[in-house]
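Next come two complexes built around chain A: one with chain B, the other with chain C.
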Partner chain A sequence: MDTPSGKLVRSHCVGTTAVVYASDYLNKLTGEKIEHECRRHLNCGCRALVIDFGDTKLVNSIGISILLGIIDVAEKNGARIVFSEVNSQTEQLFEMLGLTRHVVLAKDEREALLNISRYETTPIVH
Partner chain B sequence: MELSTQKLIHTFGALADLGQEIAGTGDFTEMVRTSMHLLLGTLALRRGAVVECSGPTGPLNCVAVWGLGEQMFSALEIEEADKQAFLSGEATESLVKNTSCQNGFLNRHRDKLATEGIELVFPMIVRGEVTGLILLGGKASGEEFSNDDFETIRAMVRHIGVGIHTHRLIEQVAQRAEENRRLYDELRAIYRDTVRAFAAAIDIKDKYTQGHSERVGRYSEIIAREMGWTEQEVEGIQIAGYLHDIGKLIVDRDIINAPYNIDAKLSSELNRHPAAGYEILAPINHPYADIPLMAKYHHERLDGRGYPEGLTDEQIPLGAKIVSLADSFDAMTTDRPYRRRRSFEDVVRDLRENSGKQFDGKVVAAFARAILKEVKGETKDRRITKLLGKSYLEGEHVATLLGDLISDLEEEVSRKGAKAQSI
Partner chain C sequence: MHGFSLRLCAFAGEICHETMSSRSSSENFRRILGRVVRQDFVGRAGELDRIMAQAEPLNAGRGLLLLMEPSVGVSELLRQAYDQIFNQRTEVIPIYFAITRNETTAVSAAIEFLNTFVQQYIAFRRDEPVVSHAPLTLQDLLELAPPADFEWIEQLVDAYNRLRFSNDDKALVRFCLGAPQRIPAGRGRPFVMLDGSQLAEYLNGAVVLGTEILRVFGRGGFSFILAGLRRQILEAAHDAKCNFELIDMLRLERLDATEAARLIEHVARRQQVATSEAARDLLVQQFAGSPFFISIFLQAAREKHTSLLSYLDCERLYVDELFGGHIHRHFADLLEEISPRLDARHLLIRLLWEAAAGEEQTSSFEVWRKRLHMAANELEDVLHRLHVQEFVNWDETTVEAGTGPQAWKDYLKIRYRLDVLNEPRALVVADMLADSLKRAPHTMARHYKQIANAGLRDLISRFNTQQVPTVLFDYKTFANKYKGAESETIVSGLAAETEFVKLPQTVHLASCSAFISDMRQICEEDHCLIAHTFEEGTYTDAQQVIWVAADIESKLEVDVEAARLWCERLENIANRLGFSRFQIWLLSNEGFSEEAGKLLDRRKAFSSSRQQLGLLASRLGEATPSPVVTAGPPDEFLMVVPMGEDNELIAANTAEQIAKRLTFRPEAINQIKTAIVEACINASEHSFSPDRKIYQRFRVESDRLVITISSRGIVPANLNGTKSGSEAKEAAEERRGWGLKLIRTLMDEVEFERVDDGTSLRMTKYLRPQKSP
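Showing the complex of A and B:
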């Protein structure tokens, strides 16, 4: 079920995985909303995060910084994190800056959830 | 796209965003926070902080932080020798892990910084002063910092340092402007109180008209406000009202206090007071315009039969016309030794008859509108009622009298306007 959490960021839960949808331009405003949404899901007990970049055309420096913050928080919470549907330009940027050392990139949301399910041991629905 | 090209585009984009952020006039903390994000995001640094020097030496204030606990900053402090080390260039950027660096700041805080994952410390230097530090964590890629990375960081730290400095200067200017405004308000209040005290002193000379100058000031203010004058102009005419009779200070007290109609000689002596008032007020540098002229011409009449110069309508400053009406209205509505005050009906009749001769119709209409608003309960305070006494404006006929007077005067004004246009 979709849970709209603001003007620009949608998210929903699949088991203990939160799927958060990034908007077309990942900058300070939208980045902070995504970060807030990810933190909220982690606080609710989510064990994994999928951030879907299907609509995202561009990620700027602030977006990178905020994504690193999300990775940091996920790692501290022992949560797995997967980025899905990243366009080739953004994928190059993530690789160049080393974000791919900390996250798995998946072709789409389904593949991301599959990737996470391989690591999940306790399915909890909330 | 080649990796180096993409990196350049990413860095240039960040520099452009940083320039825009620093040049903005938004919230200071938000500006620093965004600038820090731009720096971290350019090289994908996992954590960082911007700290400001709170004084020449001592603790550092954390302005923005990302990926670090704020508690670590309470233990950081900077000394003059540290600043000199940063300024001398021996430690313009300091690798925390470089134990051969002789910077005292790093030597004292190395363990703490390393534990928190800080790898670099950059000073923000503006106009030869260390204004703060930027602490940076390692790259998400795990790679070592390259010379290009250092160049990029240096450029961005310079920008951020100047941005913080400029915002602080703007804050200081705004604070000083606010202090000046407060001081100016205080001075204005002192000036107004002094003038009021002076007005009271003028009125003491005339035992029958105590409070007259104060009331004229208040009526003048009410009329000017009704005529749409600015707050500054309204304050000015109030002062003019307080001081309009200041020339009476040079008139013999016996003439002022004569309990009967005085003869022509004494009358001529008394009539010197507007010009004398001008002589007294003209050398003073008032914060409001034309106060001496309003005092000088408050006994002029539109028909030219006034004094001291026998000016006619257009020659008389509007302020003087307002003070003149306020002065006459107070004279008609207060008791004198040789007569009781006139009824409101009588006063309105006088104003109607003398509009266009003694008084300006537009000024009378404005005053009548102000009184009518109060009579109808459309005003917050009842200032005119307080000056006239509670019962003076009571009765249904008051509103009718005022309404008729206003419509007649406004009709007359528009008729004159049309006539002037046709000419």
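Showing the complex of A and C:
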């Protein structure tokens, strides 16, 4: 059986912002993949992170705890972080566990990038 | 002719020389002395085969000493062997004799042996099993003897009758025991199995039967088996100056957990006692796989018409047994044999219990002599008997108490409270029941942790100079390279690794607490191991390395403080034990923090996460379980999924399909799915589950969906509602403690059902969520 955890994490850079796409199930393994990808982009000089949850249908508490770890890492690196396209159920969980206190939620990737661009000096490259 | 009716066939011919195996699997297998049918005889297949091998012509004239751990039971094994040999109808004639507590002197026991021998010989020669158990005198037997055997048996009986009144006890005992030697050539080869030889040492009279048995059998030229307590029988063999070149040995120990569980299932079915899996597993652990205790316990359950479905059922019966049942009688008889005088027995109980319960369990012979007011030779006799039963360890100068099975310790405690402290019986009963019930989950938890850590033990023992990628012993590097990577990526990455570590050969592996008893207070027995190893399998000082491995319990990465503490603790152990060259290996479920990794680098300690351990195991060859899914009745769906591999999604998706039928809103369906995922994660992470399975029940009602997620194993402290304030704070601080919080928020009702073993979480979601009052 093909499990969601088996899928790769997609990402790309828009200027100095990395956009990382979460898969349909956010658990320990997929969370660690996102973390790995975020760290990689930060090490390569990215100054902001957008994590897109457009495909994400289900999250679990371990996945959320890893997201908190990513927020910590971003803060330590002075990078901004925005979550985009979070569905209402997932948003409810994020609120319940206090994530929304530390991160900005955007309607979609474009809004997320716009949000970040307000704080950046470098232009957004599409 | 006497009243006993026998089929007097003309059988008197030559012995049939069929091969041993030709009739053993026959449908006409007759149960003669065995108390259970062959299918119900479980757990001793290897030992039975070994006994059968002893009866082969190759081993003619050789003896086999069955060295028993106390309370393991051997009688049924020998009876089954008797039946098998009898049914095979070869030239081997089985003789089974059990010395019982009814025999008071060596002479009476020897006469009984002679009678049994003649009776079983004739039963075999006539091929009439019924003769084996009939109450017959020697004169009766003579009349039943086949014509071909009549003459020598008559001579045997005549000689016995002459010796019987000669007043030479030793000669009479030797004559009786040596009877199998008198079988004429061509009339069969005797195979004597003697059970209960531990009782032979203490029979009254001038003759020491145990020594005589070994002397006569050892020189008799016939094959024999002597079953006795391991600490006693070897000593007796040395005393009898046995020729050890003609003696083989077989150690008879307790059953492992799987075999003991099978035994309980079989005996319970036979005794018509209802049991549950949880109760079965508790009994296996509580009686440490002792077939003797298991059998008499289930017998007691049958006698009292008691089911054994819960821990409470088991412990109630256990306490009844300790106070007045079979277990009580067993220990009371032993104590009476060890110390026949009542006043001395009370002093002995007091000393045994106080020594066992105190911090210092070892004291000198002289201390014991003064406390018991005994002469040295009397105390030596008492200590010898206690030592043989393994209730103490006695090495002539010091006595160590606190040994023996749990049932013995419990028995001793209640006798102490009743006989020495004169406490009210009702109070002692109530306390013992409460203590046993409180102990039960801990007993199981210890067992589950041992299973979980058996992997580490097994892994270290299989190092065997194999070469594996170094990164499997370096969490920091592993996390940098592979954290979050696909399993295929990790496997191919490991295959491409260029740095390897050559594992040593492990020659001795034991729990750290076996070396330093203080460690028992710090961690579970199998959480810290010491392995004596040799690099390259070369046995020189230069190649000797002692591995000191510890598995640290932590749900998150181990931080630098904990890593330092464990490093120092293990270094301290190595120094205390004088290990000049040692290798520290720390393990943790989730690995180690970056800071901890740097510290471990500096200290040259190995570090691995559970994932690395799994990869290491797979490189050394280890299997993984396969998933099992089952279905239930129409309004109730049952499903069992193996833990791990994202299998919680299978449960969540099943729940989604069921919830859709009940027309739950998509938002509610998502909440149900998330709650199920969290419940499954909790079950997987916390339980040390023995079967690694999650049991799910979805019950559809008109206005609600009730989901029960269960797993066997340990009840986590933060789930059973018994956590202390500080633990609660710690749990709240841990991000991984969120699961239950989420479940309670997402579902309308959440309740832990009381189960003996593991956890069962019942969650209810209403179609229209109930408002709080």
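Note that the second predicted complex is superposed on the first by the 114 of 126 C-alpha atoms of A that agree within 3 Å, B and C clash if a C-alpha of one lies under 4 Å from a C-alpha of the other, contacts with A are read in each partner's own complex, and residues count from 1 in each chain.
In this section, a contact is a pair of C-beta atoms (placed from the backbone, for glycine too) under 8 Å apart; a residue touches a chain by one contact, two chains touch by 3 or more.
This structure is a prediction, so every number in the text was calculated from the model and none was measured.
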| item | value |
| --- | --- |
| Overlay on chain A: chain C relative to chain B, clash or fit | clash |
| Chain B versus chain C as contact partner of A:96, first or second or both or neither | both |
| In the superposition, chain B vs chain C on chain A residues touched | C |
| First (chain B), second (chain C), both or neither touched by A:62 | both |
| First, second, both or neither for A:36, with chain B first and chain C second | second |
| Partner chain in contact with A:25 - chain B first, chain C second, else both or neither | second |
| Contacts of A:72 with chain B and chain C, given as first, second, both or neither | first |
| Residue range of chain C overlapping chain B upon superposition on chain A, of 27-35, 621-629 or 675-683 | 675-683 |
| On chain A, positions contacted by chain B and by chain C | 60-62, 64-65, 68, 89, 93, 96-97 |
| Chain C contact footprint on chain A (complex, rising order) | 3-6, 8-9, 25, 27, 29, 31-37, 57-62, 64-65, 68, 88-89, 93, 96-97 |
| Touching residues (chain side chain B, partner chain A) in the complex | 1, 3, 6-7, 10, 13-14, 17, 34, 36-47, 66-67, 139-143 |
| Interfacial residue positions of chain C with respect to chain A in the complex | 483-486, 645-646, 648-649, 652, 667, 670-671, 673-674, 677-678, 681, 735-736, 738-739, 741-742, 745 |
| Chain B-facing residues of chain A, complex | 28, 60-66, 68-69, 71-72, 89, 92-93, 96-99, 101-102 |
